[in-house]
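There are two complexes below, and they share chain A, which is joined by chain B in the first and by chain C in the second.
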Partner chain A sequence: MQLFLQQVLAGLANGAIYAGMALALVMIFLAIDHLNFAQGEMATFSTFIAWQLLAWGCPYWITFVLVVAISFVGGIAIERVLFKPLHNADILANLVAFIALFSILNSADGYIWDYTIKTFPTPFGSKPLFGSVLIDAHEAGMLVVTAVLLGLLYLFFSGTRLGLAMRAAAHNPVSARLVGIRVGWMTALGWGIAAAIGAVSGMLIAPVVFLDPNMMFGVLLYGFAGAVLGGMTSPGGAVLGGFAVGVIENMAGTFVPYVGRDLKLTIALLVIVAVLMVRPAGIFGRTTVSRV
Partner chain B sequence: MKHLTRRRILAAAPAVLAFGGPLLSARPARAAKKYGPGVTDTTIKIGNTCFYSGPASSYGTIGRAMAAYYKMVNEQGGVNGRKIEFISYDDAYSPPKTVEMTRKMVEEDHVLLDAGPLGTPTNSAIWHYMNQNKVPQLFVSTGASKWDDPKGHPWTIGWQPNYHGEGIIYANYILKQKPDAKIGVLYQDDDFGKDYLRGITDRVGTKGPAKVALAASYETTDATVDSQIIAIKAAGCDAFVNTAIPKFAAQAIKKAAQIEWKPIHVLSSIGQSVAVTLKPAGLENSVGIVTDFYLKDPTDPQWKDDAGYKWWVAFMGKYYPNGDKTDVNNVYGPSNAATVVQVLKQCGDELTRENVMRQAANLHNFQVPMLLPGITINTTPTDFAPVKQVRMARFSGQRWELFGPLLTGEIG
Partner chain C sequence: MMLEVEGLNAFYGEQQALFSVKFDLAEGGVRTLLGANGAGKTTVLRSLCGMVRTNGDIHFDGKAIAGWPTEKVVRLGVAHVPEGRGTFVRLTVEENLQLGAMTRRGRAAIAADIDRIYDHFPRLRERRRQQAGTLSGGEQQMLAVGRALMLRPRLLLLDEPSFGLAPLIVEELFHILRQINRDTGVAMLIVEQNAALALELAEHAYILETGRIVMDGPAAEIGADEGVRRAYLGY
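Let's look at the complex of A and B:
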């Protein structure tokens, strides 16, 4: 029983990592209908900026706010400079731009901060929570922050004019433009928010997995899996999907005899394929119908 | 007149045949000298591939330290009067690129041999090419056990103690502490991880009382290895062999401390760096962990009066002043290069690829300044594992402290 509980909680902790990334992926997908392959590298870059500020002696929470702000602006800048010109271009052109961004950021990380792993501080401490070996304070903190982030996004999208405008721009760009919404800027805003979410999840993940230029590479795969499982169009679904992938992966690794441990990634991905065959839009996703 | 090489003589042969004559008389005088590609009376051209860019570029300093060593040899007069021309290409730890660069050095640069190319997957990619084309793949900088295969791959030879042998040594250490140990192993799900695991299971056997209770693999794409550590602890293991790369090794040490699990903890040489693994994991969490060494750790104060260490510091100061003097990779490079130079010395004037392999398999008690005292390099035509001995070390909280005798990775 202890093993089961420990594995579930470890799965949730990993799941929180995937959920953060899944959330960022969904934000950009909602804005531009494409998957941003460079999402992980953007988050890593933000985390390196945070690491640098901390190394210069900036206090943690000031760094945190500063980096989220820098990332928000950076995300908007990337959209304006790199992707706005590609707005009407072929999907392949966008794809190449994503991959270019991926490799530019990854190499820049390595060039500026080198490839050895770095420790990153946690604001929550790493003591066991309530004296239990099941979960430590940082893992619990990660779960809380993910929940808060999701709550804020919900409030933003359902309760503010800007949030509504963004949703309108994503759902129906033509009509949105007709009622006076600046669709281009809404897209840029989506990028900014995604970059900011990525920065938060990067700063939360780094104390656990250690910071290096390839920190997000594996996480992006799992985050993508989580997003697809939950639905690429549903922020809440993506977060749940991320958690589900974390737990499924650990359960498969621990309790499926023989093949479980070596193939735990495969099993997690098989579950996703199964879901997609039944519900292509993901569990919580909205089915999009396009007129031909 | 230019220097005569075998190739020039062959190229000149038609002319000689046509004119009869005087040139033929030059040949007996040169008969004692036999040259393969890349060799002249004054130079020996050798190649190498290394990671100067890409994800593993922190190892790139190995290639730079090798170059520095050859520079030193050249300044001191070269090998039997010949200067070494060292051509090192960047393969960015990408096997396809290794193939491309290696073909370039063999087919365009015409090197005599490939000296200390770096990396397991990268060397695997050129393994068959080198053996088919009979080009020496000398002292590869990787610890996979497959390089010790004189029968199947007579043109490839390893250098450092191999992972399989290290696995045996780790199991020996654990069985000595605890004959009925239940051993947990964390390994990377690829060649190098399985080499370690095989060494451990070969030694532990199936008869008991000790056994490998749980061998848990990880993929480099995993976010953490927390789940594996929890499972190993839950399997009731009281000994743990941690063969992960630094990032995951550090996670494992940290997680073990967090779930208050204190097994006999053996950390493989892959993850033994204090700066790269133990500091991120927490030095206080790492106390009591053991590992094995064959090179002198440049950060260990016990070597400060050691002649070998003093030589190395002087070498670094003069020939590689930008190199990090706390990085064990800068110890590795020159030690590996010194072995290549020894082979070239033993070749004398018969610098052919065949003789290079003959001499590489004919090293006896060769000493390198930065190998641990007592460790010597020995090879025979049936033994392609030059460095075989190691010593165990325990982490004090500040540094590794050597203990016990020299060990070899043999069962029995």
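Let's look at the complex of A and C:
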């Protein structure tokens, strides 16, 4: 029983990271109808910036806030420079742009900070939380920070005019323009928020998986599995999906024979395939019907 | 004249949909565009809002607005109730109304306006917390009109407000439109298939055929001319 609880909590802690990545993916997907598979590289780049600031002696929480802000601006810049011109381009043009963004960021990480694996500090420590055997302090910190982040986002989207405008622009861009919303800027803002969420996820997971240019590759796959499970069109669903994938992954790794550490990533892919076969829109997603 | 359009051509890709269209509309006036399906009525409204590629002159308040992006035209006080109503189906009724006031400031004034819309359309008040997609067609049309009014527009563009509605509801809607025009002095340009109804509300009518204005005149005259009615209006 204790092992079970331990694994659920560890799964939820990892799931918090997947939930963040899933939410970031869904935010951009709702705005531009494309999957940003450079999301992980954006998060890794942000984490490297954080590592650099910390190496220069900047205190952790100041670094944290600074990096979130830098990532937010960077996300907006990426949209304005790279994806706004592709607004009406076909899917292949967008795909190439995502590949470009992926390789540029990945290579830039290696070029600037080289490919050696780096340790990344945690402000929470890695001792058991209050002497409990169930969860350690960093895992608890991951959960709390993600929960706060999700709560703030929820308040922003449900309670502010700007949040409402962003939802309207994502749901119905034509009508949004007709009430005077600058839809292009809402898309850019979505990129900024997605980049900021990614930065938080990157900084939280780096102490666990260590920092290198390919750090987020697996994490993004889990995040994608979470988003597909919950529904690519449902931010809330994507968050739940992310947590679910975290728990499923940990459970399978611990309790299913032969899976262990090595086949955990396979579980994520199996989840994607299974969901796509049974419920292509995800658990909370909507099927979009388009008239031709 | 508040709105002056001259030599307006519009294009969907290579296809030209409007040919040298000319019309105008005074502050507080109500005019209607009539014509068969595919005559280009909707395209005229879309041209005004920068939703199709055009050339020619469109002046609003003396400003040349042709080619402006939609959201910029809207900020001048041009509200468009589009074909198909443009409801934000996954948002609540009240959120839809709030979105109509997105370009305005002043929480209290916006809240007061939402209340006024509810007075016009009591059904919307009952359903304020519901997802707008669950409303009936008539209620969604009321919501679309309400959303447009939340802008406090100076010009209201209405694209087939009667479409798909039961006759009684259509009468009610037009009655409310007349009242709003009288109370607020908002000018209206109405595109309608239901010519008889539109001619009652409007003071002046234009008849479109295959992208050209083929006739215009006071609504009463157009409605009284049996030849015109039979040839263009189908009643």
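Keep this in mind: the second predicted complex is superposed on the first by the 268 of 292 C-alpha atoms of A that agree within 3 Å, B and C clash if a C-alpha of one lies under 4 Å from a C-alpha of the other, contacts with A are read in each partner's own complex, and residues count from 1 in each chain.
The working rule: a residue touches a chain if its C-beta (ideal position, glycine included) is under 8 Å from a C-beta of that chain, and two chains touch if they have at least 3 such contacts.
Since the model is a prediction, treat every value here as computed from it, not as a measurement.
Taken together in the superposed arrangement on chain A, chain B and chain C fit without clashing.
By the touch criterion defined above, A:A165 lies against chain C but remains apart from chain B after alignment on the C-alpha atoms of chain A. When the two complexes are overlaid on their common chain A, residue A:G125 makes contact with neither chain B nor chain C. Using the contact criterion defined above for the overlaid structures, shared-chain residue A:P85 touches neither chain B nor chain C, since it reaches no partner.
The wider contact with chain A, measured as residues touched, comes from B rather than the other of chain B and chain C. When the shared chain is aligned, no partner comes close enough to touch A:G151: not chain B, not chain C.
Touch criterion not met for A:P280: it reaches neither chain B nor chain C. Of the two partner chains placed by superposition, only chain C is touched by A:R182; chain B is not.
Per the superposed model, the minimal spacing between any CA atom of chain B and any CA atom of chain C is 36 Å.
Shared contact residues on chain A (touching chain B in one structure, chain C in the other): none found. Chain contact summary for the complex, chain B toward chain A: residues 55-58, 189, 216-217, 219-224, 226-228, 230-231, 234, 246-247, 250-251, 258-260, 275-276, 279-280.
The part of chain A that touches chain B in the complex is made up of residues 2-3, 6-7, 10-11, 13-14, 17-18, 110, 114-119, 126, 128, 133, 136, 205, 208-210, 212-214, 217-219, 221-222, 249-250, 253-254, 261-262, 265. Every residue of chain A that touches chain C in the complex is listed here, in rising order: 161, 164-165, 167-168, 171-172, 174-183. Within the complex, the chain C residues that touch chain A are 49, 51, 69-71, 74-75, 79-80, 82, 86-91, 95, 98-100, 102-103, 147, 151.
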